[in-house]
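This is the structure I want to talk about, given as structure tokens.
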Amino acid sequence: MTTKTNPGRFFEDYQLGQVIAHAVPRTVGAGERALYHALYPARHALYSSDEFARACGLPESPLDDLAAFHVVFGKTVPDISLNAVANLGYAEGRWLQPVYAGDTLRSSSEVIGLKQNSNGNTGVVWVRTTGTNQRGEAVMEYVRWVMVRKRDADAPAPATTVPELKKALAVEDLTLPEGLDFSSYDFTLAGEPHRWGDYQVGEVIDHVDGVTIEEAEHMMATRLWQNTAKVHFDLTFRPEGRLIYGGHVISMARALSFNGLANAQMIVGLNGGAHANPCFAGDTIKAWSEVLDKAETTTPGVGAVRLRLVATKDGHVGHAHGEDGKYLPGVLLDLDYWALMPL
Amino acid sequence: MTTKTNPGRFFEDYQLGQVIAHAVPRTVGAGERALYHALYPARHALYSSDEFARACGLPESPLDDLAAFHVVFGKTVPDISLNAVANLGYAEGRWLQPVYAGDTLRSSSEVIGLKQNSNGNTGVVWVRTTGTNQRGEAVMEYVRWVMVRKRDADAPAPATTVPELKKALAVEDLTLPEGLDFSSYDFTLAGEPHRWGDYQVGEVIDHVDGVTIEEAEHMMATRLWQNTAKVHFDLTFRPEGRLIYGGHVISMARALSFNGLANAQMIVGLNGGAHANPCFAGDTIKAWSEVLDKAETTTPGVGAVRLRLVATKDGHVGHAHGEDGKYLPGVLLDLDYWALMPL
Amino acid sequence: MTTKTNPGRFFEDYQLGQVIAHAVPRTVGAGERALYHALYPARHALYSSDEFARACGLPESPLDDLAAFHVVFGKTVPDISLNAVANLGYAEGRWLQPVYAGDTLRSSSEVIGLKQNSNGNTGVVWVRTTGTNQRGEAVMEYVRWVMVRKRDADAPAPATTVPELKKALAVEDLTLPEGLDFSSYDFTLAGEPHRWGDYQVGEVIDHVDGVTIEEAEHMMATRLWQNTAKVHFDLTFRPEGRLIYGGHVISMARALSFNGLANAQMIVGLNGGAHANPCFAGDTIKAWSEVLDKAETTTPGVGAVRLRLVATKDGHVGHAHGEDGKYLPGVLLDLDYWALMPL
């Protein structure tokens, strides 16, 4: 027997400054768009209707921002997280232009940080991943850090480099889509009357609705993004239950947040995020949001709102941490992002 | 915590003559079409092959008529049936033109009837819903009535208005697609030799095949139509089992009816329908049809046939009611529609 | 009650030389492509990226070769295998040109062999099936033989004709897509560095990954190809468990084989195949391959490799038969095919 299969990279296979071109470019289109609507209760009008998107200055309805993220992220899995013990965090995520039907996406990652853990068996790798389209233009980028196993515990530790990352992007860091214009935004078609001015910093919104998760759904979603990490698919590998891809929880929670945040149309920044507890089939995902910040933009009719999106499996609303400062066991996700809203 | 989420309308929120523009327009395309074929055993050739559709005078294969119905219907849920206790009936449903890939659909409903129930806690609301495309042309319309909770039992009852609805559309009420022509219809490609003249009023057809329903499938279907009623998704809301969207049963039964009614290609009228008993995952849907009426049309080569489509979960064929006049417990659906067939 | 439903053909309904035009042509497109990626962990770059396909001389990314096979095969089910007791084998399968979005496929089969079994109750039927596109051009063909029930055991046996079939296609029998050129093949984007020259006849590759199968997935896949054989859908018909369509196992195993055979891009020949044991929901499919043969081609940069693809439900690698010469109980599939690889 030969070993032509990908064993994945181990901690000592990463060097600072190394750029990894990820494999398997992907053309997206009408099929991915429909599947996104079948897998998540997605109702944001800009991603549902070409006509609505055109009325907002875009050429047509783009692929959901999170779907673009999943495609870019999925390509990195064989190179970054195949031997990962834990997905530790995200930062400085920026959507740089919308993805349209017919676009072909690819990803590459630069290693921007390395730190061996004191136990000598694992280390933390920071990468900045960029997704580009067929014209070579960046469509999004984000930093992610993971804990990775060492192949050989005795391999020497690299010099420690911990990148300085912004706690949150400032509104000036965000890139708004060219041509976007919410001046004649149709609130009736969008589904809710609440505009940027109606949201207050500190406000908490219970999104009320819930979805009980099924195995077939999360596997279809995860495969669609060509994320092939074993833990999501192979019950002989994880007899205690297939672990649901964290991105499935993100998309589910974001779609549920339509109810109360129907006008938080576009995601343009990802400040941070934690997959607080694992999610399994049978869990019922619910979500609540907190308004963290608000900012004006120079794009006509468009305001930015910084939101915290918390997904739970117990329906608890309003706080995610216990008295010990740790995540409550019912919390699945704690995400911090910037969205665009009509003024 | 703030309440920006949609609480749904209560009985006293409806006024006679009120027109409600439903939110979230939706562009449909190649993805919705493929998903429809993945979710249902749909084989009617006109909806499967662009070439077959062209040979019948249409520009290309339209979206399945029931998919068009589901999209139009789905948009009404947040405004009409979020607080509904029961979906009581349909009438005067007419498909006015086919929906093609790239079309963007929206819906609006006019309140055409109101009647408070004697218990004072609920009332019946009749609405006529119209789906329109991006050119503002109506693609379908139907009347539906639901029983809705009152917010406040002490709120005064509105004047009772019960609309006069046709028991069944006459063939003159039907709109046949422009250009349609079954003169050179290919029965071999369509899958069955039986033409309009081969069906007799009173004839009963057992469609034989069955599909055992899974949770992931009905949820994907229901989300695809952006119908987000809680009862279909949230097992903590309905621990006794997620209720399957009635439209899923309609589409499943119609697709199964291919076997014996392969040439009942287009649905153009919905005379009435009852969701006789709830459907749950694990049920095996089978179907039988009865020919209720036949009529000639002025469209070349096209006859109309009025069909009763009964879906069951026990495989019983031929009658749907017990001796007490009530639906048998194994009956899921009793639908009355007009379809177009080659002469 | 009338009998307009399709009872399927019985053994005595087939005559040597008979050509059966199968019903329900199908237009494929962006939706089928996305669904294929959602249902299988498919990552071969030529089928994932229009840009990659163009760099290989094709106009765009074709529909997966196995999806084309499933569509062509699905149409034959109502005429060939509705009353089949067993699917006995495949031979001389050739992909003749890629299928692109917008193509409409149909199928026809010629009866090329008949042999009544000694028990008098069943017989074997050999058919050569051809799939053609909207221009009437053949896109693929294959021979398949099935054991079919007789309607009437006393019906006379036809003259026995057993077609002479090649054990395996020679490389000269294969049709390579017009324009294909792997001269500037991008191994980094494709995901693995192993080229044609790196594979040795006799080499065995363990594809490592596994997928635990769910009911909703295999039913969606099987319906997508309009294969409506009862055994796959109706739990009241098969209370012991819905039988998974053999083609679902083929596609799953082929997609898993990416890990180690990422550059075996196109399938151009099917030499044979056996569905060794039935597959049910809950089984975890894994796969291994063996290199059976290699051949040069006259297409620039392209080599052919003959592969044996074995799917298992027990993860056993390296041999498929027991000491008794029979398939081991954990083996699901034993497939023999030709694929194209960059030199």
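Details
Going by the order they are written in, the chains are A, B and C; count residues from 1 in each one.
In this text, a residue touches a chain if its C-beta (ideal position, glycine included) is under 8 Å from a C-beta of that chain, and two chains touch if they have at least 3 such contacts.
It should be emphasised that the depicted structure is a prediction, and the values quoted were computed from it without experimental measurement.
The rotation relating chain A to chain B, fitted on Cα atoms, amounts to 120°, rounded to the nearest 5. For the pair chain A and chain C, the fraction of shared interface numbers is less than half, so the two copies use mostly different residues to meet.
Remark: chain A and chain C have CA centroids separated by 36 Å (rounded to whole angstrom). Annotation for chain C: residues 29-32, 34-35, 214-217 touch two or more other chains. Residues of chain A touching chain B in their complex: 29-35, 37-43, 45, 48-52, 61, 188-192, 194, 198, 200, 203-212, 214-217, 259-262, 284, 315, 317-318. Residue ranges of chain A in contact with chain C, taken from their complex: 1-2, 4-6, 21, 23-27, 29-32, 34-35, 78, 101-102, 104, 106, 134, 214-217, 219-221, 223-224, 226, 228, 230, 233-237, 242.
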